Every structure is written in structure tokens, then in C-alpha cells.
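Contents: one structure, followed by commentary.
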Amino acid sequence: MDRIPTGVKGLDEVLNGGLPKGRIILVVGSPGSGKTTLAMQFLVGGAKAGESGLYVSLDEKPERVKENLASYDWNLDGLEHEGKITFIDATQLRRPGQRIVPSKVESEGGVNLILPELTLPVLARTIRRVAAEENIQRITIDPITSLMLRYPEEAKLRRAMLLFFDALESTGCSCIVTSELRTSMLDRSFQLEEYLSQGVILLRTMIHEGNVIRAVQIEKMRGISHDAQLRPYQITQTGIDVYPKDRVF
Amino acid sequence: MDRIPTGVKGLDEVLNGGLPKGRIILVVGSPGSGKTTLAMQFLVGGAKAGESGLYVSLDEKPERVKENLASYDWNLDGLEHEGKITFIDATQLRRPGQRIVPSKVESEGGVNLILPELTLPVLARTIRRVAAEENIQRITIDPITSLMLRYPEEAKLRRAMLLFFDALESTGCSCIVTSELRTSMLDRSFQLEEYLSQGVILLRTMIHEGNVIRAVQIEKMRGISHDAQLRPYQITQTGIDVYPKDRVF
Amino acid sequence: MDRIPTGVKGLDEVLNGGLPKGRIILVVGSPGSGKTTLAMQFLVGGAKAGESGLYVSLDEKPERVKENLASYDWNLDGLEHEGKITFIDATQLRRPGQRIVPSKVESEGGVNLILPELTLPVLARTIRRVAAEENIQRITIDPITSLMLRYPEEAKLRRAMLLFFDALESTGCSCIVTSELRTSMLDRSFQLEEYLSQGVILLRTMIHEGNVIRAVQIEKMRGISHDAQLRPYQITQTGIDVYPKDRVF
Amino acid sequence: MDRIPTGVKGLDEVLNGGLPKGRIILVVGSPGSGKTTLAMQFLVGGAKAGESGLYVSLDEKPERVKENLASYDWNLDGLEHEGKITFIDATQLRRPGQRIVPSKVESEGGVNLILPELTLPVLARTIRRVAAEENIQRITIDPITSLMLRYPEEAKLRRAMLLFFDALESTGCSCIVTSELRTSMLDRSFQLEEYLSQGVILLRTMIHEGNVIRAVQIEKMRGISHDAQLRPYQITQTGIDVYPKDRVF
Amino acid sequence: MDRIPTGVKGLDEVLNGGLPKGRIILVVGSPGSGKTTLAMQFLVGGAKAGESGLYVSLDEKPERVKENLASYDWNLDGLEHEGKITFIDATQLRRPGQRIVPSKVESEGGVNLILPELTLPVLARTIRRVAAEENIQRITIDPITSLMLRYPEEAKLRRAMLLFFDALESTGCSCIVTSELRTSMLDRSFQLEEYLSQGVILLRTMIHEGNVIRAVQIEKMRGISHDAQLRPYQITQTGIDVYPKDRVF
Amino acid sequence: MDRIPTGVKGLDEVLNGGLPKGRIILVVGSPGSGKTTLAMQFLVGGAKAGESGLYVSLDEKPERVKENLASYDWNLDGLEHEGKITFIDATQLRRPGQRIVPSKVESEGGVNLILPELTLPVLARTIRRVAAEENIQRITIDPITSLMLRYPEEAKLRRAMLLFFDALESTGCSCIVTSELRTSMLDRSFQLEEYLSQGVILLRTMIHEGNVIRAVQIEKMRGISHDAQLRPYQITQTGIDVYPKDRVF
């Protein structure tokens, strides 16, 4: 199976070379665990390798996301300007009846949708259209949680998620989808999106003897062999930094 | 009771010779624990022993399943081509009103069903028909979870599952059914399918002193004596590898 | 109070001589803990002591139950043939509108009921009739869980169970009723059938320092003094084997 | 406040002299913890001290209760014959439309009620009438759980229980009411009847280092000072035996 | 902020001088933890300091409350007779359509309300009227739980509680409101009344190495600095006795 | 990203210089953890640095809040008088149909709204208007919990909160929003507001070996690097005091 680098060197080592190409990988973590950081680092790493990226923002406006990430040495504005990262502002779902305006495309008279309400199928169609027009290779959806809440019935949510993941895959792009952890890590319930995606990267925050410890764990990665151990990580000026040979304690 | 090898040598030792023939065995595990790997290894092992296998895919298209498993030295495409493993793509349940097309059979003008919606009885009938036509000895259903979610009432689910397991048994085939674990392992709730099947293999992922440990446990295996201890396993290039004499820690 | 041997020597020691005669004893355990093994061993032990037994199978057909237990040196077919153990196949509850056919009785033109749906009162009546006609002294109902699920309202379930246990008692037979444990053993909820029966035997599966440990515990046994400690057991070729002097760890 | 001996010598020491007279004391315990034993021992102790007792049986017929307790050296039949213990069979609640027949009173042409359905107010009235006619000083209600289940709404249950306890108190008798523990003891939820009664005796079953340990704990006892520590107890031929100076481990 | 002594010397030390004057303090505890004892001790301490107290009894009649507390050397009847403690019997809420009769006031032809049903606003009005007429400085409401159960919807309960606490405050009196703990202390849910009151005193019952340990903890006390540690307490002949310098273990 | 000091010196060190300017930071804590203290300290610190602050009080009247905080050496009345801190009394939400009267503004004939019921959008509009008129730089909303309870459906609550946070941000002010912790810290569920805000400061209360320990943890702080460890804090005469170099135990 073809691999692509994640943009996080230590993580590529844990993955024995990178993420599987053209797949949907879930990044699950608690508040502040660095889900958005990792998701954008994936696009930045792609841009450096010549792959165009698409960032779909569900909860925060793209301007705000860029501000939040401004302390990293990534030059997101430059990458957007060069067309290496395109942003879709999908936060309008908050106000029914308004437009979804992919930020970059619009200035070129591109996609310009009227949405009565954003749903998983509508989002999938939008992403497929933009991915085709912009020649996208990497996609980040951050986070999927808001849309999942629209399906309170578990059987229907499962079906909708399977169809959404199918649609994403049909773009041929490599995708990272972030998801919010519902409960802390001990004795937790597994979330259905963990079963439906092809890989799951957990960003854990543990308290051990009074210390807060951050650890990444490849819970699942279909199709490639990988290190299944907990590996410590930190959030530094270059983003997520994984120590692939260290133990958490 | 007759035994059949599982395709996993170490697991056969834990089972004192293999799984009971003609029975329904549940494989329960968390995301990334290797449920699909074990289920397919069971068919590959059967193929090597001259038994035809049927893989029923509920959540992912067979092509994708084969891709996910391509890193193992199994030559799934070859086995499918030789007719040793047949795939049923049951993922169409996601789009009501479409066909269920058993992938191999179709090219021979075989079974070709129109399904308004896939249910446990419909799936059972399809499997029985294909199993008879293709002279199947081993069946894998991966995973059963989606279909179970359609029965939110516990009493009805239990009855539907009992009937489904009856129908599977009437094929005379040895079956592995995978199921998703709902909650992590400590203080967990038992799932009804564990009670209704004739054997349960748990694929556990434990965290012990900061290490992730994988262990297989034969929770239940009616009709044969077996080792009930936790035994470590790894996922290697040949699939699941169980260490039947080792302790987990 | 009169005692009867359980058929498990070590368990009789734990019970200071056996189960109370003419009572309803609950056997509660997790999947694979040996509930059916213990329940049948109770009938086999009775047969050896000259008491006729009745096995009421709720989830699996009697043929299958016998197969599952074939590895034990019990000669169930022989016992059935000699009329020492009678089987009622109550699995038809799965298909409304069909017959309940007590397997042995039927060939003699015996009981032959049309059931629109099996309920606790209907089952009680059937058991009483067969018990009287076949001169039964020991009854096993395995498991009661399916029928309990039909009463989602706790107050109604409790009343139905009390009436069912009354009816069982009125047969004068000694009864073992198996029940599935809902949650694992630590911090568990107690199940109402544990309160309503006259004795509860727990078959526990514990994990201690990475080892799986099986232990039997007499949680309750009205009318007789008994050992309340956890005692290890194993499942061997002769069935459940309890070590009444050993500690679990 | 006046004290009365419980009939359990060690328990009286823990209570610094016995239970408060004329109060409602709750005995809460898990299955098999000895709730009925303690409740009857309270009446037997009263009989020895010249106080007439009333045993109200909610789940089991009085004959069965007496059988269950026959292994103790209490001579319950004798005490009933001498009029020192009166039994009310309130199990008819299971079959709506039937009579409640206080077993002793009836043979004397006494109370003979037609009950459409047993409720807390109806039970309270019955108890008050019998208590007055039979000159009762001690009452045992065993167990209250069935009746509580009839009030699924917590606010209504609380009101009904308060009124029921008021009615019991107005008899002037000392009362023990047994109640089933819902969940095991660690991190448990408190049950409302524990708040509404004037005293709570917990019969705990703990597992410590692989041993089952029984301990009594006076959780609450309004109006009298008492030992609040866990104290071990055993069930012997004379009933519950509390070791008021020992520690549990 | 002005302080008032609690009536418990050790507790005043923990509070660095006493409770804030004119505020609503919650006392939360498990069954038997001494909530009523502490609440009445607060009124007794006030009476000694020349402040008139009002005890509002929600679940038990005042006569019974006094009996329960008769073992303490407080002379409650004397204090009531001198007009230093007034009792409101609010237990009539149990029987809709009856009167609320403040016990002392009535004999003086005082307040005499007809209540269709006791609600938080009605109780607040009653308390305000009596507090004004009787020149009350300290109020105890014991316990608030029954009334809270009338508001099953959390948003409405929160609003009703805020209004009730507002009304209590407008009396200018210092108030203690007792509340029943729902679950045991480890990993517990916080109760909304803990957030809405100005101070929370927890009466904890812990089990440590087989011993029952009682400890008081000032969880919250707005406006005054205080010791936040767990401090052991006992219930002695003078009431609650806190050891402000000791550790719990 | 621009930083602003929090008013708590030790906390600024943990944050490597202060909170991000113009963002919404959540302060989550249990009862008595000091949420209001920290929130007001933030405004006091701003006032010292020449920034005008707005305190929006949801559960307690501003007069009462000031009283509660009077033991700190902050001179809140002076700051209000100088116009450095403005109070909005939003507690009227408790009585539908009444006015929301921003306390300071009113005396100047300012904002004077009639509210049928306070909702998140209405509150947002009010805050924006006052913030503009009073040239506010810092805002505190204490606590948000009451308003969140009005949205029992999670999907709608999430959308309402996103819009509310958007509106707050559009003021350009730096905001602290307090929120009540639902369950204690171990194995807790994450609350959605933790995901939707740009930073989360947890005020933890832990019990370790019988001691109550207070610790602050920066769970999340988008856009700035920070110390993620638990750091002890105390509540002293100057407010919250964080020890940025110490370990909790």
C-alpha cells in the first residue's frame, strides 16, 4: 500500500513510513490535545511535498483557525496564497439559509452554494466538487462532531457516516477527519466513527502520579503494520512532535 | 466434536486443536484489534486445507477489504480467482432499493437480488443460497454490528439473532462473525451476541504500566476444552500471531 | 432441610452436603463460565441417583445442547434413551405460531402444544404437565434471560418471575435456572432474579495479575448453612470441578 | 430514648443497647446477606422478651419463609402457635383480585380483606388493624422492594414512602423493613428509603484479597449513639452473629 | 463580612471564625452523616447567643425530630418554650389539601395556611412571614430534597432554586439547608444546589482500610477564607464534634 | 498572538505571558473551586492595566457578588465607581417579563431592555451593545451553565453556543466564561463548551492520601504555547495564587 508522510516525522516512524494513501484516518482527542494542529500539519506536510490540501472548517471560521495556528512556523497565509491549501468555511451551518463559500474558490467565481442546512451528504458533494476543481490530494475535516450530532439515532448515524466516508474516498484524496472524545480514556466507550474509519490516531492526555502526560496511540491502521505502543508527544513551535522511541513512563 | 484449524497456529494450540466444526464463533474486539484480519485468516487457512470460504462484507466493499489486507502474504486475489474465497458485497444496505451482488457469483449469472433493505433474515437467505451454490465450508460475516443496530428493542434483537444463527448453522458451514466491542474491557457490559454464539474469542487491548498489550482470550467455546488464559498476540506479515505459552505480563 | 447432591462433588462440600431439595436455585454467570455445563451436570448427577430430570432449552435446540456437552463423559443420549433425562425444546418461541414439542414425550404421543407465543405462564404450565407425566424430580431451565426480556417494566417482570417461581415450586422438583450476567463483577448491579430465587450460585471469571481465574461463590442459599467464600473451579472432562479447600489467589 | 434488644447480642453491643423503640429501621443488603434472617431474629428476640411480633411477607409465602429458616434453633412453628409471632401472607399481590389472608388471624375469623391490588396505603391499613387486634409490639416487613417498584416516579415514591412510614409509626410498634441493595457497595447510589427511615443497618458483602467478607454497618440510627464501624458477622445456627469488637481486615 | 458561630466549636475554627452572616449554606451528606444534628446545633448555638431560630421540617414531624435529638444535651423543648426555636411542620405536603401549621405560632393564633400543595414559592412565602413575625435570625430547612424532586426538568429546577434562595436571603437570616447526597463520594456527580448556594459543607463517610471514617469538608464558602482540608468529626453527646487540627488518615 | 495578563501572576507564567487577546477562555471548576474569584481577578487585573471590564452575572445579583469578593483587597466598589468595571445583572432571567438593567448604565439613562426571557442570542446582543457603549476590553460571564440548560438537545445547544461565542468575539474583547463541572475529575465526560472555546482553564479539586489539593490545569489554549502540567493554587487575600514551578504531589 502506498504511503504518504504525515508531516510529523516522529509519527511517520510510528507508522513505519506514513499514512496509507487515499484513506480516511480519524484523529480522536480530548479538548486541547492538538487535533487541529495535527490535521493542519498534515496539509502543510503535503504542501511541502507538492500535494494540494483542502481544509474544511466546521466550527471555526478559517481566519480564526489560521490565527490559532499562527504561532507555528508554517506560513499558512503564504500556502493559501500559492493555492497549496484551500479553505472551506462550513461554519455557516450555524445559520440556516445562508451560503457556503469556499474561501479561495469564491474569488475566482467558483463554487457558491445556497444551503438550507448543512448535512453529511451536502458536505460530501461540496468537498468532491472542490477537490476535483482544485486538484486536491489531501483533505482535512475538522471536526466531524457537529454533523454527527444531527443523527441522534445510532443506526441512521452509522449509515450516514458510511456513505460519507464512501464519498470522501471516491475523491481519491488522503483524508484526516478529527473527532471529539466523549469521555476520558479509562473505561471509555468506543465511538462508532472509530470502527468505520480505516485508521484511528488517538491523542491521549493522561494523569500519572500528578503529571499530565500526552501520548499518541495508533489504535488502528488498516493495511499497514505499525507500532501500537503509546508514544509521548509535545506541542512545539513546529507543531506536534512525537518521540517514537520513548515510553510514556 | 470435529475440529478445524483456524489458520492461526498459536490459536489452534490455545483451542487444543482448532475451532469446533460447523459452529458459529464470535470474534469481539475494539477498533484496530484485528477482527477482520483474524476472520480472513480463517478463510485463508480453510482455502489451504481445501475448504471454500465465503466472506460477507457489511461495512466495506470487498475491493477495499482486500486492499486493507494486501500487506499480508495471503494472495487474496489469487484465492478469489481460484474460487477458494467468494465475496459478498453487502454494503449496499446503505442505499435502500439497490442490489446485493455477490461479487463472484454475478459474473456467472448467479444470485442477483433486489433488496429494499438488508435485514438479518434477508442476509441469512442470501448466505444460504450462495453457500449451497458455491459449496462453501467456511463463512465470515464482518461485522454484524450494523445489522444489530436495526433492532433497538433488546427482546426483538435477541430473537432475530437466534434465528439468524440458526439459519447460519443450517448451512453446515463453520462461521466466524465479528462484532464491535462497545466499552473498554474493565467493568464492561456483556453483549448479547456473546451469549447467543457457541464460542467467543476476545481480542483485548490492555494498557499496563504505560504499555499497550494485545491479548486473545477464549471467553467461551462450547463443546471443546480449551485454554481460558489471556495469551499475547501480535499482528505480523502473516496475520495474527498468538503466543500460546506466554503470559501477558 | 433435605439435601440433594449437585453432581459436582466439590460443590456439594461447599454447600455442606448439597442443594436444598425442592427449591429453585439460580446459576448466574458470564459467557463461557459453564452455566449449561453445571445445569446439565445437576441432571446427570440426579440420573445416577435415580432421579428423573427435565432439561428445558430456551435458546438452543436440545440436539445442539447435547453436541456441545458431548466432550464430557456423561452419555447424554443413553440417559435420554433410558428416560432419565427428558428434553423440552422451547426454542420455538423464536417463531410465533408454532408448536412446542417436548422431544421425548412427542414420540409417545404426549404433550403437543400450539403456542402463539411462549410466555412465562405458558412455560410454567408446560413444565408442570411434563413434570407430572414423566415423574420428574429435577428440572433445569437454561437460560431464563430470553423470557425475562419480554417484561421491560421492572414491576411487571418481578411479579411474573415470582409467579413463575411459585409454579416451578409447586411441581415439588428441585430446579436450577440459569441466568446471564449483565455486567462484569466489580461494582455490578444486582439482578432481580437473584433476590427472588432461593439460592444463587455465581460463576465468576476474574482477571488477577494478567491471569484469568474462575471461581464459584454461593451468594445465597436459603435454609442451609454453606461456605460463602470464593472457591476456584475448572472445566474438565467430567464437567465443572470445584476445589472446596483452595483459595482463588 | 427507650431501647429494645434486637435478638442479636453482638448487634446490641454495636448499638450500645439495642434499637430505638417504636421506630422504623431499614435493613439493606445484597442477595444472600441475611436480611430475612436478621428480620426474623428481631421477632424471635421480641418473643423471648414477651413482645408479640408480626411478620409481613411480600415475596414468599409464610410457610416457605419458615422452611427457609428452619435450620435455626428458633422453633418458629411453636412461636406462631403460642401467638407470639403472627404472619401476614401479602404475596397475593401477585394475583390481582384475590384475598389477603393473615394466616393466624383467619383461623380465628379475623381480618379477611378483598384487595384489588396491594398498594402501600392498603398494606399500611392492614398492618395497623392486625397490629391493634393482635396487640403487636414488633413488626417486620420483608422486603419493601416490590411495592416500591410500583412508583416509578421518584417524587411520588418518596411521598408514598413517607406516608407509609408515618402509618407504621402510628402503630407504636418497633419495625424492621428490609430492602434490596441495587448496586454493589463501592461508589453506590444511595436509595431514598435510607434517607426516609430512622435507622439503616447495612449488611455488606465485600471481596478483599480474594476473600468474601461479611460486615454489618450501622449507617444511620437517629436518636441513639452507636458504633459506626464495620463489624464482621457470620450466619450460624442461631442466626446472625456479630463480632462487635473485631475489625473486618 | 460578618461571621456567626455555627454552634460547633471545631467547625468555627475550620471556618476561621464561623459562617458568613445572612447567607444560605448547604449541608450535604449521606444517610446517617449527621445533617439534622448539625442543622439543629446551628439553631441551638444561635439560641445561646441570643438569636431566635426557625426549624422547617420537610420529612419528619417536629415532635419526632425533637425525639431523635433528645440524646443530645440541648434541651430543645425548653428552647422552644422560651421562643428561642420555632418549628414549622411542613410535612403536610404529603397530604395535598391540608394545612401547614407552624407549631408554635398556631397556639398564638398566628399563621395558619391552607395549602393545596407545598411548592418552593409557597414555602418561601411562609418562611418569610414567620421569620418576620417571630423576629428570626437563623433558619434551618431540613431537607430540601423532597421539594427539589418536584422539578424533574433541570432548567426549571435551577430557576426555582435560585428564586427560593433569593427569597430566603431577603429575610436577612442566616440559613442552613440540608440536602441528601445522591451517590457516594468517589467520582460523584455534583448537585446543582452545590453551585447555587453560597457555601457547601460536606459531611463525608469514607471507608479506608476497612474503617469507616467521618470527615467534614468545606467545599465552598463564598466571601470568607477557610480551611479546605478534610477534618475528622464524631457524633457525641453534645452533637457534631469536629477536630480542626487532625488529618483523616 | 497578542497576550494580556490574567491578573494572576503565577497563571501568567504557566501561560508563558498571559491569555491570548480577544479570545473566549472557559474556566471550568467544581463548587468552591474559585471560578468567580478568577473571573473577577481577570477584570481587576485589566482595570489596573487600564482596560475597562464588564461582569455579566447570571446567577447572583452584582451586589451579592461584590459582597462575596469583599474579603479580597480589590476595592471593587471603587473600580465600579471609576467606571473600570461595569456590572450587568442578568439574574432577571429568573422572572420572565422583567427588565435586564445593566447596573451602571442605567443610572446614566443607558440600556434598558424589556426581556420576555433571557436567551443566548438576547444576552449576546446586550453584551455587544454595552461593550460598545462603555468601551469595554474585558468581559466575564459567570456562569454560562443556566443558559445552556435551556437547550436540552445537544445539536441545538452546540449551534447556539457557537453563535454565542461568535457574537462575543465580534466585540473584540477578551472574555472569560465560567462553567460548572458536571462530574468529578476522574473518568469524567468532556463538556461540549470545552471543545467550542479557544481555551480551557480547569480548576481541579483532588483528594490525594486524605488531603484536598487544588490544582490549575491549562487543558487547552489555542494559539499560544503553554505549560500543560497541573500546578497547585491557593485562594488567598489577593485572590487565586498559582505556584507555577511546584508539583501537586
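Per-chain numbering from 1; labels A, B, C, D, E and F assigned in written order.
Here, a contact is a pair of C-beta atoms (placed from the backbone, for glycine too) under 8 Å apart; a residue touches a chain by one contact, two chains touch by 3 or more.
These numbers come from a predicted model, not from an experiment.
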*Chains shared as neighbours by subunit B and subunit F?*
A
*Go ahead and align subunit D to its copy subunit E using Cα positions, then give the rotation in degrees, nearest 5.*
60
*Chain separated most widely from subunit A, comparing mean CA positions*: D
_Are the interface residues of subunit C and subunit D largely the same numbers on each copy, more than half shared, or largely different?_
different
*So, what's the distance in Å between the C-alpha centres of subunit E and subunit B?*
61
*CA centroid of subunit E to CA centroid of subunit F, Å*: 30
*Determine the centre-to-centre distance between subunit A and subunit C, using the mean Cα coordinates as centres, and give it in whole Å.*
52
*What residues in subunit C touch two or more of the other chains?*
186-188
*In graph terms, nodes being chains and edges touches, is this line, ring, star, complete or other?*
ring
*Inside the complex, what are the residues of subunit A that reach subunit F?*
30-32, 36, 59, 64, 67-71, 91, 93-95, 143, 145-146, 149-150, 152, 180-184, 186-187, 205, 207, 209-212, 214, 235-237
*In the complex of these two chains, what residues of subunit E are touching subunit F?*
1, 154-155, 158-159, 162-163, 166, 169, 186-190, 194-196, 198, 200, 208, 217-225, 228-230, 247-249
